[in-house]
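Right after this note come the structures.
In what comes next, subunit A is part of two complexes: it sits with subunit B in the first one and with subunit C in the second one.
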Partner chain A sequence: MRLYVLHRMGQAAVVLWAAYTVSFLILVLLPGDAIAALTGAGGAAASVSPERLAELRREYGVDKPVLVQYGTHLADAVRGDFGASFATGRPVGSLIAEALPQTLTLTLTALALALVLGAGVALAATYGSRPWLRQLLLSLPPLVGSVPAFWVGLMLIQFLSFRFRIFPAFGDDGWRGLVLPALTLAVPTAAIVAQVLARSLTTALAEPYVRTARAKGAGPVRVHLRHALRNASLPALTVAGLLVGGLLANSVLVETVFSRNGLGRVIVAAVTAQDVPVVQGVVVLSAAVFVVVNLIVDLLSPLVDPRIVLTGTGGRT
Partner chain B sequence: MSRTPVCRTARRGRRLHALPIALVALLPLAACASGGADDDGGATTARPGGTLTFAVATDAGCADPQQVGSSDTLYSLRQTVDSLTDQNPETGEIVPWLAASWEVSKDAKTFTFRLRPGVTFSDGTPLTAQAVKDSFDAVPKLGALAVQATGYVEGYAGTEVVDDLTAAISFKQPNAQFLQATTTSALAVVSSASAKRTPQERCTDGVVGTGPFVLADYTPNQSATLTRRDDYAWGSSLWKKEGAAYLDKLVFTVVPESGVRTGSLTSGQVDAIGRLAQAEEAAIKGAGAGLVGYTIPGIGYNLGLNSSKPALQDVKVRQAVKVAINRKQIVETVFSSGTRPATSVLAENTPGYTDLSAELAYDSEQAKKLLDDAGWTPGPDGIRTKDGAKLTLKTVWFSNVAVFKPALELLQQQLKDVGIDLALTELQVAQFPALLKSGDFDAFWGGNYNRADPDALRTLYSTKLVNAYRVPASPLDALLDQQAAEPDPARRDGLVAEAQRLIVTNAYVVPVVDQRTVLGVSGKVHDLRFAGSGDIHLHDAWKS
Partner chain C sequence: MKDAPLLSLRDLSISYRGPSGRLPTVRSVDLDVRPGEIVALVGESGSGKSTIAHAVTGLLPPGARVDGGAITFGGLDLARLPERAFRQVRGARIGFVPQDPGVALNPVQRIGAQVAEALVVHGLAGRRTARGEAVALLDRAGLPDPAVRARQYPHELSGGMRQRVLIAMAIAARPDLIVADEPTSALDPTVQKVILDHFTRLAAESGTAVLLITHDLGVAADRAHRTAVMARGELAETGPTARVLTDPRAPATRDLLAATLVPDSPPKPPPASGGAPLLVAEGLVKEFRLGKAPVRAVDEVGFEIRRGETLALVGESGSGKSTTARLVLRLSEPQAGRIVLDGEDVTRHRGERLRLLRRRVQLIHQNPASSFDPRLSVLDVVTEPLRAFGIGDRAARAERARELLEQVALPASALRRRPAELSGGQNQRVAIARALAVSPELIVCDEPVSALDVSVRARVLDLLAALQEETGVAYLFITHDLAVVKRIAHRVAVMRTGRIVETGTAQAVFDDPRHEHTRALLAAIPGARLDRTPDPTHR
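Right after this comes the complex of A and B.
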């Protein structure tokens, strides 16, 4: 077990390094640099002399060879120092610390909502014996999942904020400001949960042990929740990493539509400005979250399914 | 009985005009009935108190008005600082603010300001000549974000503290534009303590100014909250109200989605919104809110022609582009209400502007004749050719302004009618310096420059500076230098008029429209007005 965790931590370090390096490469390959992005395009930018631009490049250290820049940044990052934003001069750490709580509140609320909604639909769809209701419930997740979160958000704002004025359209103070964005973010996530869980529940309900349980006199609710759900939840658990990735990706849209100051908005602004230190900070943080979630899922798996054994070398068998 | 059909018509009209934002612009009928429709309540009297909420599209992430160039961010930060002088937005005249009077030396190198007594910064320290010196000494050292401020003080030689309330600011070269520059927020006066901090610290924590409001809270990308300074008593000579401002508090919130901004205004969640597009104007008016617009002085949107390219070296071809454009059609189709077709290379409200509308009139026959004379004959596809080469202009643009794409598509159609092919090439903003360096373009769209002083012409078109459009050296350079050294406003206007005429006649750049910015403002808000450079001053604004 300890060997397994050590092995996974080694893997995590590689993943973080790769995420850091790939995002750095992408930013370096983009045309222009942070100074060019800062001074903009148009008349005001056309008034900046090449000498002044060169001077600014020196000040910001973007005139150095790419490898040197990469090496310095990486060495600092290993020590936990991601430097300061090119665009605003604010330390990356404090930029992230300001945005992270908002994104965490939003994504965790959305995740909880999505699990309840998704599991509810999956259980209802597999429990009933009426085929039309089953079909209806099963067709709901793919339908809902194919609607862009952006659109869902705008519709929610249109009706529940502009028309009926129940919730505010923007701002992140208090739970009232959280309802619409969390709901918007929960919808696509719930669709994935429902689809995965419904499929594995259907499979589980056809397994011999379900027949055994029924033969032993277990009622339909007990069979459904105790026997089938427990076995069916493993596939749902394994997609948790995917869900977290999806939540982070969709939070970019949701934070824009609902004017929330979270990590999504930070990264959009940083990529546009080619603000390398900020992008690197957020990318490494996202990769770390991804790695940790997957590690937790793998550690939980044996608890859900005792047949799974964690070994030191190859993950679970 | 009569109300419902009116509302219904308004809704339909809105839907037709606002298709891109239709999802959000389909407004509730409730908004239709709730109209406090008068734009400006001349009947009611101003009253103090209240909070103004303002939704802006973007945030520069920096709380220092000297460094920030984006108007979205300056709407708030402008209120925290005062400038030495102010500029009348109608006449362009420079009037007293923190400086009660001033003198410009004959060589336009030294500017002596006599400060108003009794002014204090919000940290309690008095405004003195030393504070002005500290504030200006720090400007050249501001970083990449402060391109405007550092440009205004190029050649800064120093500030002499003549006496406690007299400061003399000097430059190594004649710098007539500097007087107008002292009206801007980029050269607002900050406290000595703020001036000593690094540009980064100033961005993070903001600066201490003498303005009518104080920055109480700033969260980058989210909001800025300002509170009134009750002991404020040194407003610009243009302001109507004496003493402190009317409003208690100003809250600026960043709302990136234009449809959400519009809906927030029409549903009463905010009092004012920025960056209003033409498509949303009907929705705003339908809900009883008003539009407050302002033409940005300086250089408007234009097509800059690269004079070093073979086809464009011929002045006839450049002139053909100039008269082939139907500016009125572009304005009416694409731009915000109140936008004016360009009538010179300078916007109509820029000091020194001269009316050249006759030269910029639409005349496609004349354009065709000019092209015929230049030897470009219509090819089989309508595009003209000469010696086997097609009259195709690689036109570079950036999508940093939403209306650019529809404006360019219309421009492309209009030029195609006379046989000129605009090959539109969109680049990323960060590619701009490389583009200027390589000169790999025939035409560049945009080129606007916010500056309420005619020196904008020298900044952009003097061959001694960046000279983005590869304008050949000509008597224009001498004119531009002379106006920069001319302290007498009337004589300077004459030089500037001649410079405009040379630029427009030679069509180095082809002016298309003046740049206009439009705010949506609730019917409850009064006296929210633009200042000289496109900032807003909220000292006189009040809510009913």
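Right after this comes the complex of A and C.
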């Protein structure tokens, strides 16, 4: 078990390094120049003297060869220092720390909502024997999943805040402001969770052990919750872990649609300005979140299914 | 003594929803089970016996419907009982022992909790007392170390132990009737015997009636007071077990008996072949790491097979016979020992030479359907080895496939079908045809008939014997079933815990077993008293 966690930590380090390197490469390869963008020069139109530009380049260290830049930045990053933003001059760490709570609240609320909604739909769809209800509920997830998240957001705003004025459409004041964005973010995720869980519930309900449970006299609720659900939850759990990445990515859209502050806005601004240190800070953070969430999922899986053994080489059997 | 029946089926008809209208599965069946009586319901798969078990326990799958008749049990008509009311009966007054202990337990719940559930759902034990009661029940069901087992999960128990857990659940609420659906068919004969002994004794002690569903007339002969034979959804015959087995009146019963009884004449002797044996295995050793200590699955195993001969490798599951087969097939590497085929040491062959070895040694699986690619047609399945070795062109291969199908007595029209459209017996014939395609000298048969009905089993064994006479192929025949051995093997090697404990001609091993384990295996063959009445002490 300890060996397993150690092994996974090693893997995580490799993933983080790869994320850092790839994002660095992409930003280097992009046409344009952060310093030029910063000074608003944008190429030929020289509002700043060439001498001043060269000075700035030296200051930010972008005049050195790419490999040297990569080396120094990587060494700093390992120590947790992602440098200062080109655009604002503030340390990347504090910039992210400021935006993170907003986004974290949003995505965690959305994740919880998605799991509850998804599990609810899946359980309702597989419970009982009314075929029409079952068909209706089971056709919901693919329908919802095929609609873009921002459209769901716009529809929610249209009805719940403009028409009926239940929740505010914009801003980040309190839980009421959180409801619509979290819902928007949760719905596509819930659709996938519902689809995966409904399918594995259907499989589980056809297993012989369900017949054994019924033969003992167990009622349908007991069979559903005590026997089928736990057996069926592993695929949904694994998928939920993978979906956390999607939640982070979608939070960029949702924060824009609902004009919320957060990591999404930070990264949109940073990418537009080619603010390399900020982009890299956010990329490494997202990678870290993804790795940690999936490690948690893998550590949870033997608790759900005792047949799973975590092996020292990082696999599960 | 004529008690009023506890359970009585009257004119019971059940049908399933099929692609074109309803398929009648059970047709006007009448059957009585009296208190304390063991009634065996015997028949081949598809005869409707399991459907009756499910109807009596109210567990018919969706799509099945009782079309007519009644199932009377303790003043209730179970055929028309609403689900909610049925829940008071299931588990409480009718216990159920399901078929396959491998999959009948919830894999993610502890044993103790699953047994306790049988009491808790009927309010027979509180949350606190249920745990202790579950341990007591496991003890009654004959599970050693019940307190330890109760805290374990199903995958940590052997098949026999899991079957005892299922029995503990069925007896938990002290039901009047237990429906046991092929309760031991998935187990080794020795384990089967011990468990059935225990189960029937428990039933007798508590006066519980048992409806025993089985495809094995031997099991019925040993255990049941009365036997009912089903064929094609109808009740062919019913009566005291002794009468049904000694004086069968229905053709279906006679067919079943003929397939079950071991023929008096042993298989024809192999052609006297001089010279070196076809295959020699010497000192084979295979160890697996299980946790820290290595386990010797195969321990210094050696044997010879001559051309045209059948050597049966017999043993319980876990005795190492399948691992030995994998070593002979060179699907797994031995840590020590040699395999010599026709004078050539093939133990270290790899790459192309190993591939060419497959032309000479082929395999037939226990479960043919799962060894076929479900998307392939039978033609593709049978010609696959020919394509792999680049033998013949398209037309020649198709011609060979027709020939092979004729050899295994399948119609040529089967070539265009898919495995899923064929029965288990037909699929096993396809597997045999595939193994024969490249004209091998040796075929390793790994439990080839264990998954088949007795009558189909007999026909497939006869086919294997006929093909051997025709082609001179040798068989290494892996089985746990000594009745099968008697029908097909020339020589027998008995395995236990990785070692061969006894070798000899089939005749010698059956007539004069030397090793105590061989004697135990022989004693466990069900149906030893096919011509006697059930033990009167059962009543």
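Here, the second predicted complex is superposed on the first by the 303 of 317 C-alpha atoms of A that agree within 3 Å, B and C clash if a C-alpha of one lies under 4 Å from a C-alpha of the other, contacts with A are read in each partner's own complex, and residues count from 1 in each chain.
By definition in this document, a contact is a pair of C-beta atoms (placed from the backbone, for glycine too) under 8 Å apart; a residue touches a chain by one contact, two chains touch by 3 or more.
This one's a predicted model, so the numbers in the text were calculated from it and none came from an experiment.
Of the two partner chains, subunit C is the only one that A:211 touches; subunit B does not reach it. By the touch criterion defined above, A:59 lies against subunit B but remains apart from subunit C after alignment on the C-alpha atoms of chain A. By the touch criterion defined above, A:306 lies against subunit C but remains apart from subunit B after alignment on the C-alpha atoms of chain A. By the touch criterion defined above, A:50 lies against subunit B but remains apart from subunit C after alignment on the C-alpha atoms of chain A. Using the contact criterion defined above for the overlaid structures, shared-chain residue A:222 touches subunit C, although it does not reach subunit B. Shared-chain residue A:87: touches subunit B; no touch with subunit C.
By the touch criterion given at the top, residues 57, 59, 62, 87-92, 95-96, 98-100, 103-109, 117-118, 121-122, 153, 155, 166, 169-170, 172-173 of subunit C touch subunit A in their complex. Those residues of subunit A that touch subunit C in the shared complex are 129, 207-209, 211-219, 222, 226-227, 230-231, 304-307. The part of subunit A that touches subunit B in the complex is made up of residues 30-50, 52-53, 56, 59-60, 84-85, 87-90, 95, 98-99, 151, 154-155, 157-158, 161-163, 165, 168-172, 256-261, 265-266, 269, 272, 274.
Listing the residues of subunit B that touch subunit A in their complex gives 23-24, 26-28, 30-31, 55, 60-62, 69, 143-145, 147-148, 150-151, 198-201, 203-204, 219-223, 253-257, 259-260, 263-264, 266-269, 298-299, 398, 400, 427-434, 436-437, 446-450, 456, 459-460, 465-466, 468.
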